[in-house]
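Sending over a structure as C-alpha cells; questions will come in a sec.
In order of appearance the chains are A, B and C, and numbering begins at 1 in each one.
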C-alpha cells in the first residue's frame, strides 16, 4: 500500500461513473427501439426489424457499439477491482446494524451488477448472438427477422419472469448508480444535485417499467388476449 | 525574595514595541541547531509550536490526546475578542485593555493586559488567513457579537464553535510544519517531569500512554501550554483529561504558582443531575445575549416554567445590575445564581438551577434568527436533556471552568525557572481575578502566535553556545528514577478505592469551601480534610494493571495525586488573601449589598507560591501590582 | 435499569480480541453512555479486573475523541450524535448492548475500544492547511467573503475528526473526512490558492492509508455528529478531476 497508485480511488470511481452513464444513455436508445414492440404486430415487425437493420449497418453506430462493449467490460472490471480493494480495507463487526443508515441497494451495487451481468449473458446469447452470428429468417423487407425471435422468446412465462426480475435488479442499480455517477463526477451544487436526484429517480422508473412491460405485454397478448 | 516581572520601560502603549525592537534574535543558521519542547497542543501550544517551527527551530510537540486537534481549546464556544472596532461603537485597544483590567478586578499587570489588547487585532487577521470561517455580515465583512462584562461588540465568532475553528487553524499550521519535518509530533504522550540542568529547563520525562514506555527528551527550552486545571473540582466544564500535572511537577522543580485559587465558575453550564455525573456541559455565555435569566419569586415552585406568569418571576440579574443585566461578568452572574439557589429559589429536580429564557428573543427576532445564532447550542441542549429550548427555558447552573491562576510568568512568559515558559491558561498573567468572556481564546492565541516567538528567541539568543544535552546524563536519569518511583508507589498501594472516588470527594470539598464563596473557617476545614484525604489516598488507592502498558487508571491516579497537592495550595492561597476580588469571594469581606469588597491597601499583589518540599508549607512571595494608567475603582456593573 | 453488555476486549493490536459479557445493575436513564462505562469500570477495578480502555475526553461532543460501535451503529442508535452525547434513556431495562471499536484497515485497534486514528492526522498533514506563516496575514476585512460562503465553509469545517464516517462506511472510506477539509478550504479565497495541489496530495495520502472507495451510500452523513454533508464529497471529486485535467 506504500507506493502511490496510478489509479486513485477517486479516478476509479470516475471511470465507473463515465462508463455507467454511457450505459445509461445506451439504455435510452435501446428502450426507444424496444418500445416499437408495443405496436400492433404487423407494424411492429416491420418497424422493429428495419430499426435493427439500421443499427447493424451504420459505421457511426458501429463505433458506438464498440464503446458500448468497452464500457460494459471496463465497468465490470473496474467494479471487480474496487470491490476486491474495498474488501481489504473494510471493517468487519461482530454485530453490524450499519445498514440502518443507508439504502440496501446502494450497499449492494456489486450484487445487483452481477445479476445484471448474468442477465446480459443470456440476453446476448438469445438476441445479440443470434442476430450477429445465427441464421435468422428474413422478413418481407429482406431484413433479418429479429421480431419473430423476440416474440418467440417471450412465450415462456419463466423467461418473462427472469427478464422482469432482471429489470428490477437493473432498476435498483440505476436508482443508485445514476445519481452516484453524478456525485462521483463532482456535481456539488445543491440545486443541481436535487434536480439530478429527481431526474435519476424518474429515469430509473422509466427504464425499469419500460423494459419490463414489453415481455409482459407480449406474453399477455400472445397467451391471454388472442387465445 | 523579589520577583522581577521584567516590564519594559516607556509608556504603556509603547512597551511591547520597545520590547520587540530590542529583543535579541537568533540567526537562521543557529535556529536549526536549537530544540524547543512544547507540551500541549491547544491554541497556545499549537500556535507556539507552529510559529517557532516556521522560524526554523526544531520543535517537539507533545499532547496526551490521540491527536493534536483534540486539545480542550476545541470546546470553547462563544468567541474571541479583538479591538478592531468594526462596529464603530467606540472600541479601542485602550478600552479593551481597561475592560480586561477591570473585569479582572485590578489584579493583573497593566503591561501584560495592554499587550493582549494590542495583539488582538492581529490575531483575527491571522485566523482569517488560515481559513477560519468567522461569522460574516451579508456585505461580506466580519461580524461581531457582544459578550459579558463589556459595552461594545468586539467578539468574533464562528457560530458556537469558535474554539474549534481557531484550534483547527492552529492545528493545521502545526500539521503543515509536521509535514515540513520542522515539528515532530508526540501524541498520546504525557509529561511526567521537568528536567533541569545548570538551573535551566532542559528537557522533560514523558510516558507514552499507548505503550507505557518512559521517554526522555532534551531541548534548549521547554514551553508548557498545558491548559487549566478546573477539572480539579471533578464536576467542571473541562475535558476528562485536563490536568495540573505538567505545571505542578514544574512547580515542584522550582516554578512558582501564582494565585492558584482563582478559578472562574461559569454561570451557564448544565446542572448536575446525579452522583454518577462525570462532567458539566457548558452552554456558551453568548446565550446571555438573547436569553434572560430568572428564578421563580417563591421558593419550592412546583409549576412548569411556562406556567409561571411574568410578575411571579425574578429576573435577578436585571434587577441587581440594571446597566449590564444578563450580560454581567461571569463571576458576578455565577455568584448571583448561587445566592438565589442557596436561598431556596433554585429550579429543576435537584433545585440547583436557574432558568435561561429565550421566549422574548424568539418573539422579537423570530425562531430562525435565534436558530442561526445558537442552533448548535440548542441542539446540544436537546441531545443532553431531551428538552426543546425553543419552547421551554433552559436550566443552567454554575460550574468550575477556567483557571486564572497558574504558573507565575514574567512579561516574557518565562517562569521562575530560566528556560521554562508557560503559555495560555497554564500561566497566570492577563486575566487577574476574573477572566472576561472570549478573552481566553485570545490570550492563548496571542501567547502562542505573537509573544512566544519574540520572547523565546530572546531567551535562546543567550543559549546558542549550549550544546544539545544528552539524555543519558545524570539529570535525566534522576528525573526518570523519580517518575518511575512515583508510578510504582501508586501501583503498589493496591487498596480498595478507585482514583475517581478520591477525585469526587476532593472536587466536592473544593466546590463547597474553595469555590464560589470562601471563608476562613471553611478553608481551614478543607485544608485539614484534604490532608486526610491525601493520606487515605496513599493507603487505599487501587490502580489495576502495570506501568508498562496502556493504563488509563494509572494516568488518572497520577493526575489525582497532583490534584491532592494543588488543592491544598489553592485553599492556602484563598486563605491568605483576606479580601474579595473577582472570582475570589471571601464571605468575611463583602459590602452590605453582598458585593465583593476589595482591599487595595493590603492585597494589590500577585501571590506567588514557592514549593519548599513535600512536608513543608509553601512560601508566599508577593509581586506587587503597580497601576499607573488606570485608577483602581470599585468594579460596579450596576 | 439492568443492562447486559457485550464488550470487545483486546489486549493489544497483535492479539485476537473477543466479545466479553458483563452485567450492570442500577443504570440510571439520565446517565450518559460513557458514565455507564465509568460505572462498569469502577466495578471491574474493585473486582480486580482490568477496566475497559475507551477513548473519550471533552464529553460534550466536540473533541472527537470518543467513538464506539454500539449495537452495530457508529456512536449508537441515534443519528448525528457522538458517543458521549448518547444517554441511557435510549435503551430499555434488560437490553443487551454490543460495544465494539470503530474498525477499518486504516484504524487498527490499540486496546479494547481504543483505535489508532492517526491516519486522519497524516491526511491533514498532506495538505489540509493554508500555507500562511504567523505574521504574514493581511487585514482580515481585506477580502470580503459573503455570508453564505462563510457559512458554507463553516459547515464543512465543523468536522470533529471522530471517524464515525469511516466506521459506518461499508468500505471504510475516509471520503467524508478528507472532502470536508478540501471543501472547507476550497470555498474560501484564502484556501482557494492551493486547492489544486491540496486535493491531489490529500487524496493520495487517503489512498496510502488504506481507506476504501466511496460508494456514495451516504451512511456517513447520517452518522456524522456534525451533519457534514456528502456534497463535500462531490466537491472533492470535482476539485480532484479538475486538478487532474489541469495538471501539467
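Heads up, the rule we're going with is that contacts are C-beta pairs under 8 Å (C-beta built on N, C-alpha and C of every residue); 3 or more make two chains touch, one makes a residue touch a chain.
As the structure is a prediction and not an experimental result, all values here were calculated from the model.
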item	value
Higher-contact pair (C-beta pairs counted), A-C versus B-C	B-C
Relative to chain B, chain with the most remote C-alpha centre	A
Most centrally placed chain - per-chain CA mean versus overall CA mean	C
Between chain A and chain B, centroid-to-centroid distance (C-alpha), Å	62
CA centroid of chain A to CA centroid of chain C, Å	37
Geometric centre distance via CA averages, chain C-chain B, whole Å	27
Residues of chain C touching chain B in the complex	12, 28, 30-32, 34-35, 38-39, 41-42, 44-46, 48-51, 53, 55-65, 81, 85, 87, 89, 110-111, 114, 116-118, 120-121, 124-126, 128-141, 144-147, 149-151, 153-154, 157-158, 160-161, 184-185, 188, 190-191
Chain C contact footprint on chain A (complex, rising order)	1-2, 4-5, 8-14, 82, 85-86, 88-98, 100-103, 106-107, 109, 176, 179-180, 182-188, 190, 193
Chain B residues touching chain C - in the complex, by the definition given at the top	47, 50-51, 54, 65-70, 72, 74-75, 84, 86, 122, 124-142, 158-159, 161, 164-165, 168, 171-173, 175-176, 178-179, 185, 187, 210, 239-241, 273-274, 276-279, 281-282, 380, 383-384, 386, 449-450, 453, 496, 498, 500-501, 542, 544-545, 550, 552-553
Of all residues in chain C, those that touch chain A in their complex	6, 8, 19, 69, 71-74, 77, 79, 98, 100, 102-107, 166-173, 183, 203-204, 206-208, 210-219, 222-223, 230-242, 244
